[in-house]
Every structure is written in C-alpha cells, then in structure tokens.
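What follows is a group of structures, each given as structure tokens.
You will see chain A twice below: alongside chain B first, and alongside chain C after that.
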Partner chain A sequence: MKEALVSLVTALADDELIIGHRHSEWTGFAPHIEEDVAFSSIAQDEIGHAAAYYSLIAEVTGTSPDHMALGREPFEYRNAVFCERLNRDWSYSLVRHWLYDTADDVRLAALQESADASLAALATKMRREERYHLLHANAWIKRVSEGPVEGRTRLIDALGMCYAEALALFDILEFEDSILENNLLPCSSSELRGRFSMRATSELDDFGLPADVHRDLDDSAEFLASSSGDLIASEKDASSASARPGIGGRAGMHSDEFKALWDEMTSTHRLHPEAQW
Partner chain B sequence: MSYEEKLEEFNRRVEAGDKVEASDWMPDDYRRGVLKFIEMHANSEIMGALPERECLPKAPTLKRKMSLAAKIQDEIGHAQLLYRVAEDLGKSRTAMYEDLLAGESKFHNVFHYPVHHWGDVAVIGWLIDGAALVTQAALLDSSYAPYTRVLKRICSEEQLHLRHGEHITLQLASGTDYQREMFQEALNRWWLPIIHFFGPRSNVAKDLLLHWKVKTRTNEDLRQEFLDRYVPKVTELGFSFPTPVPRLKGDAWVVAAEDIDWAPLDAIKKNRGPETQRRLSRRRAVYDSHRWVREALSEPAVHAA
Partner chain C sequence: MEVYEIFRRSGHKNPFEHCGAVIAPDPEMALLLGKECFLRRREGEHLWAVRRSDIHALEDESVLEIAADKSYRFASDYRDVVDKREAARRRVASMSWGGAS
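Take a look at the complex of A and B:
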C-alpha cells in the first residue's frame, strides 16, 4: 500500500516538477512579453504542485520534499519523457502545454475519487488552479489554429511530435495492481489514456486541427503501453528509441535531454545536500 | 503663448514642485529625456530578468525555485508597466523592444555581466536590488507624474525582493565555509559594477533631467546613501570588499574616486559588456523566429474549415 502510494505520487510529482522546470525556461525569452509572464505563472503553479505531492510522500516515507525533488539519481525520476523534452520552438511548448494540461485534467478528475483522502483533497485543490492553465492553452491553440497559415502549420507539426509522447503519460505505473486494488486510482492508466485520447481528439477536431494524422503514432503507443517496464528497458538502443520515442519515463528511462536538465537542476543541491539554503 | 512663454511657464511649474502629466504641454527635450530614461528603466527590467533566470534552473530548494521564479516574473511585469508609461510619450512598445534587441538602446550596466552560481543570486537579490531601490525610491518624487505612480508599485514589490535577497544572503553567511565562499566570490566580481551602477559624478549644470527634477538627486549622492546603508551590513556578516575598498571617513563610508576604474562602464555604454551580445542575441533569435506568434495575435481570426 505504501509502495503503491509512493509510486503513484512520485510519477505525478515528477511530471509537475519537470514540466514546471521547462516552462520556467521561457522566462526572459518568450516570443511575447505577456507570455514570459504567463509561462512563469504556470511554471510556479506546477512546481508548487510538485512540492505538495512530494510533501505527501515525505509524510509517508520520512524523506524531505527537497530530497525528492533534487536529491535523487536520474533513474529514480518517474516523469514521462514528454515532460522533459527541450522547449524547442514555442509552438512545441504550446502544444505540449495544451496536451499536458488536458491530460492532467483527466488524471486529476480521477484522483478526486482516490481512496486516499489527502490525495483526493489535493487533486480537488489543484484542479481548480489547473483550470486557468487550460484556459490559457485553449485560448492560444484556438487563436493560432484560426490565424495565419504559418502558425497553423507549426501547430500541426508540433502535434505530430508531441501526441504519441503525451500518451505515454498514461503508461503503466510501478505497482499499478496494488494502486488499483487499494483504489488509490479508481481506474487503470490505460483506461485514463483512453479518456484522454478521446477528449484530445475531439477537441482537436473542434479546433479544426487534423487529429487523424496521429493515428499511427497512437497505435504504436497503445502497443507499447501493454509492455512491461522490463520490456521497455530492454529496448533502449538508439534506433528503437527514435522509432518509438518518449516511452519509459515511468520506469526511470529518460532521454539525454533529461540528463542535461537533471545535471543543472540538482547541481547546487548536490554540492551540499545537508546545507540550508 | 509663444514657445518661450510656454517654456518659462513649464520651468516655473516644475521649479515649484508641480507634477507633469502625459497630456500636459512639455518641451520636446523634456519629453525625449523622460522617454529615454523610462525606456532604459523598462529595458533594464527585461534584461535584468536574465542573469537570475540563468540561475533559476539551479535553485537549491523547491521554495527558492518558486520564489526566484516569482521574483523574475515581477521584473518582467515591471517592464510591462514601464513600457506602457513610456508609450504615452510617443514611442510604441514594439519600437522600444526592437531597438533594445538591435542594441540601439541601453540597459543598466549590472545586467551585462555573467552569473556563475547561487552566490550571484544572493548578491543580485540583496545588493543590486538594494542599489536599485535606493535609486528608485529617489525617483518617487520625480516631476513626471505617471512615472511616479508606477514606481510606487514597483518599489513596494522591490522591498519584497530585497527581503528575499537578504534571506538568501543570510543563509549563505551562516552556512558552511563553501557557502560563505560563494557569497564572497560573487561579491568580489560584482562590487565594481555595483559602484558603477549609480553612474559617474553628475554634471549638475548640464543634466537636463536634474534641471527638470525628473531625477531629484545626483549620482554621487545616491551612491553615498547606498554605501552608508550596505557597507556596515556586509562588514558585519564578515565579508570583505575588493577594490574600490570603502573606508570610513567621519561617519560616511567612502570609496576614493581614483580607486574606481570606469573603463568597464564605458564599454558597456557602447553595449560591449561581457554578456551584452550573448543575452541580446538569444532574445533576438527567439523574437525573429517567432514572428508567427505576433501575426497570430494581430490578424483578425478567420475560421478554418
């Protein structure tokens, strides 16, 4: 039960921390000053949510939230690879922001029914804040998808890069059986993936964006989702990683982009894990 | 009224401590001078976000990561407010922003320097923000009223930033030898740029901004206030100063004029500081490759099929 809770919440927390870290990298460099501010706001919320999740883990295991966030080895992080990708173009970040927050909404709605009362309460509180992230992402996707052709093309390209990796947010979790037995999640990761996929596809359709372009990627991700963590781990060679991108984060398999992020993010903390800052 | 009469009337008003509104008549030199001054302040808030932004990914705790992100966000917010005030004086935000990226306008000297580690965050948050607050508080009584109104808000946020910087410094000062060394090493690099921050001695006879009370105090007066306020605090924490070393004369902490090397500041005025081009070009590259974002914002929406 304890391992199940830690497994579930670590995945949630790491997703929030790592995507928050990436969003915060736009501060000072966004293509529009208002978006410097908006992405920073969202980043602060996500990192705050990560801190709340880590505190929940700390209560159970006796470790500290800062140790969870900054004191672990790269393979101990359970965030989806999707969250750790470099920001690339702003269209990529925007599409990732939209897909992530749509997925997070699906996930939080389920977590509100968790048998763990603290987790359910936290999910309710977070979902209120996440609403504003979705409003921001939706407004931009709508605006760009209805605007001049270059922006629209970029959105479609970014969707092509992002969609399959976003589905891996719902890869099977470590101790998933126990998570489900104890009702920490009311339904399986693959059930949540289905809900997310249906919702995202239908909303993309409303935006006039061609969701069917992604069907192939979708199928391959479905296939991999049923693989065990071990199988994913055994497919680590470069060619299969590029053919099936973004899988394995839930099993601690990360990209080189994560290694660089981790190296920088934990550098000050690692100098002196015991120091007060 | 002739131009001369208007000018005389304007001078009389300002001399008497009256405040100028954007819609009031003002001499062109006043308008241009105030615009340039506020534009530089706004540019500095934008570019001032970058050194701390470069340290943000390395923040040592979750709490620091969030508070530093919030602080940097405030700075960009200050730029938004200041650009708005400057726009009313006749230059669009886009034009100001593009001039900044093209290296055709200026921003404060301290934001032309590199950062290396968390000690820089302490020095920036405490001493550089402290220096900025000394200069900004002095502007609260500026003759240009719209500027003073946004400065009021900016100064109250800067007070919070200062406390944030002070906390970070105190943690380093009371920490391990390595943490203390981080602060000292950063202070050694930043001290001369901080002294430069207030500018060379003001030329009171020639400075139109002083004449029209846009600025109310001279550079050396502000530098002196900073030294008297911060040198004792830094000393009390057990840190030392590199050249120009402040020395107590009477009850004032003084740096000798001949100890200040102005050459680095002269280079920065020509946008040739150590980090000037790298920081500008990174922001410029994003701006240039994201024209489509601005086009999406400006074009009327058309419904896709």
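Take a look at the complex of A and C:
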C-alpha cells in the first residue's frame, strides 16, 4: 500500500517538477514581457505542485521534499520522457504545455476520486490552479492555429513530435496493480490514456489541427509490471523504430536531454546537500 | 497587438483601480496576461481590461485650471460654520425672554 502510494505520487511529482523546470527556462526569453511573466508563473505553479506531492511522500516515508526533488540519481526519477525534452522552439513548448495540462486535467479529475483522502484533497486544490493553465494553453493554441500559416505549420510539426510522447504520461506505473486494488487511482493508466486521447483529438479537431498525425503508431510496446514489481519491456524493444516514442520514463529510463537537465537542476544541492532554503 | 489598460478591484465594495497595461492581441488574452502580471499575488478579486484606444482623454488639460476664487466649492471653506453655530446657540441661551426678575 505504502509503496503503491509512493510510486504513484513520485510519478506525478516528477512530471510536475521536470516540466516546471523546462517551462522556467523560458524566463527572460518568452516572445514578449507579458508572456514571460505568465509562463514563468505557470512554471512556478508546476514546481509548487511537485513540492506539495513530495511533501505527501515525505509524510509517508520520512524523506525530505528537497531530497526527493534534488537528491536522487537520474534513474530514480519517474517523470515521462515527454516532460524532460528540450524546449526546441516556442511552438514546441506551447504544444507540450497544452498536451500536458490537458493530460493533467484528466489525471487530476481521476485523482479527486482517490481513496487516499489527502491525495484527493490535494488534487482538488491543484485543479483550481490548473484551470488557468488550461485557459492559457487553449488561448495560445487557438490564436496561433488561426493565425498566419507559419505558426500553424509549426504547431503541426510540434504536434508530430509531442503527441505520441504525451501518451507515455499514461504508461503503466510501478505497482499499478496495488495502486488499483487500493483505489489510489479509480481506474487504470491505460483507461486514463484513452480518456486523454479522446479529449485531445476532439479538441485538436476543433482547432482544425490534425489529431491523427500518429494514428499509425504501434501501441504494442508497453512496460509491464513483473511479479517483483519491476517494470520490464514487453513485446518489443523500446528502442525499435516501430515502438511508440518517449516510453520508459516511468521505469526510470531517461533521455540524454534529461541527464543535462538533472546536472544543472541538482548541481547546487550536490555541492551543498545540507543547505537550507 | 494593442495596448490594454488593466484595472483591478481589491474588494467588491472598492472601486476598480488602474494597475498597469499589457500588450495583447485581443481582450481575452489581455485578461489572461493581465491576471499573471498584476494579480498573481491575489492583489485583487476582479479584473478589467480596456483597450487603450477606447479611452477618451481630455485634449487640453488646461481646462482643468481654476482661474478665479472658487473656494465656495470646497468643504474646507465652511469649516468655521461649526464655531458660528455654537456661538449662535450660546447667544440664544443667554438671551432673556422677559419673566420675573
């Protein structure tokens, strides 16, 4: 039960921390000053949510939230690879922001029904703040998709890079069986993925953006929980060309882009592990 | 892109007050950006965005100048009324209206 809760909340927290870190890299570089402030504020919100999740873990395990955020080795992070990708350009970050916050809304709605009362309460609280993120993301996608053709083309390219990787936000979690048995999540990750992809494709359709850029994706590459609770790659090698891209994050397998982010994010903590903030 | 002036209200009984401006493509975006720029610390509970071009300003500020003595338009000019009223009351009280002496 305890390890199931820690597994679930660590995945949620790491997603928030890592995407928040990537968002924050736009501070000082966003297209205009107003957006710089807005996007930086969203980045802070996401990192704040990570801190709230880590505190929940700290109550169960006794580790400190700072240690959870900054004191782990790269393979111990459970964020989806989607969150750790470099920002590339503004359209990429916008599309990722939209996909992430749409997925997060689906996930938080489910978490509000969690049997763990503090997790359910936290989800309700966060969802209020996430409403603004969704409004912001929708406003941007709508305007860029209706604007000049260059912006639209860039959105479509970014969707091509992002959409399939976003699905990995709902890859199976460590101890997923136990998570479901204990009703920490009311339904499985793959059920949530179905809800997310239905909603995302329908909303993209409303924006007039192609939602089916990855209809031909091979969905058979999945990570399955073995009897020991570890994740093993099933069917196909994750690196094979036909596998859905960006999988493995939930099992601690990250890209080189993550290693660079981790180096930078944890450098101060590694130099001064006892420092108090 | 246009300039939108942002107004916020700190409580429902208070007037909206100007707090800054944002550059945005339309009103919805102006509100979204204005919220983060001027209300992210909960400085208010309501927000307006007004297109700057919709604001009509005086062309000649000199019309606001007051040339002659208009002190009668200011409450401060009537401050001695209280003293005058008190003096009048005292006067009335001290008056004798006949009667036995």
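Methods note: the second predicted complex is superposed on the first by the 248 of 277 C-alpha atoms of A that agree within 3 Å, B and C clash if a C-alpha of one lies under 4 Å from a C-alpha of the other, contacts with A are read in each partner's own complex, and residues count from 1 in each chain.
Simple rule for what comes next: contacts are C-beta pairs under 8 Å (C-beta built on N, C-alpha and C of every residue); 3 or more make two chains touch, one makes a residue touch a chain.
A quick note: this is a predicted structure, and the numbers were derived from the prediction, not measured.
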item	value
Simultaneous placement of chain C and chain B on chain A, clash or fit	fit
Touching partner for A:H136 - first (chain B), second (chain C), both, neither	second
Contacts of A:V37 with chain B and chain C, given as first, second, both or neither	both
Which of chain B and chain C A:R88 touches, first, second, both or neither	neither
Where the C-alpha centre of chain A sits as vertex, the angle toward chain B and chain C in the overlay (nearest 10 degrees)	40
First, second, both or neither for A:R72, with chain B first and chain C second	neither
Residue contacts on chain A - larger count, chain B or chain C	B
Chain B and chain C, minimum CA distance [Å, superposed model]	5
Intersection of the chain A residues that touch chain B with those that touch chain C	32, 34-35, 37, 41, 143
Complex contact set, residues of chain C against chain A	22-26, 28-29, 32-37, 40
Complex contacts: residues of chain A adjacent to chain C	32, 34-35, 37-38, 41-42, 132, 135-136, 139, 143
Chain B - residues contacting chain A, complex	46, 49-50, 53, 56-66, 69-70, 72-73, 76-77, 79-80, 83, 97, 117-118, 168, 171-172, 174-176, 178-179, 282-283, 286-287, 289-297, 299, 301-305
Touching residues (chain side chain A, partner chain B) in the complex	21, 24-25, 27-37, 40-41, 43-44, 47-48, 50-51, 54, 65-66, 69-70, 89-91, 143-148, 150-152, 154, 207-208, 261, 264-265, 267-269, 271-272, 275-277
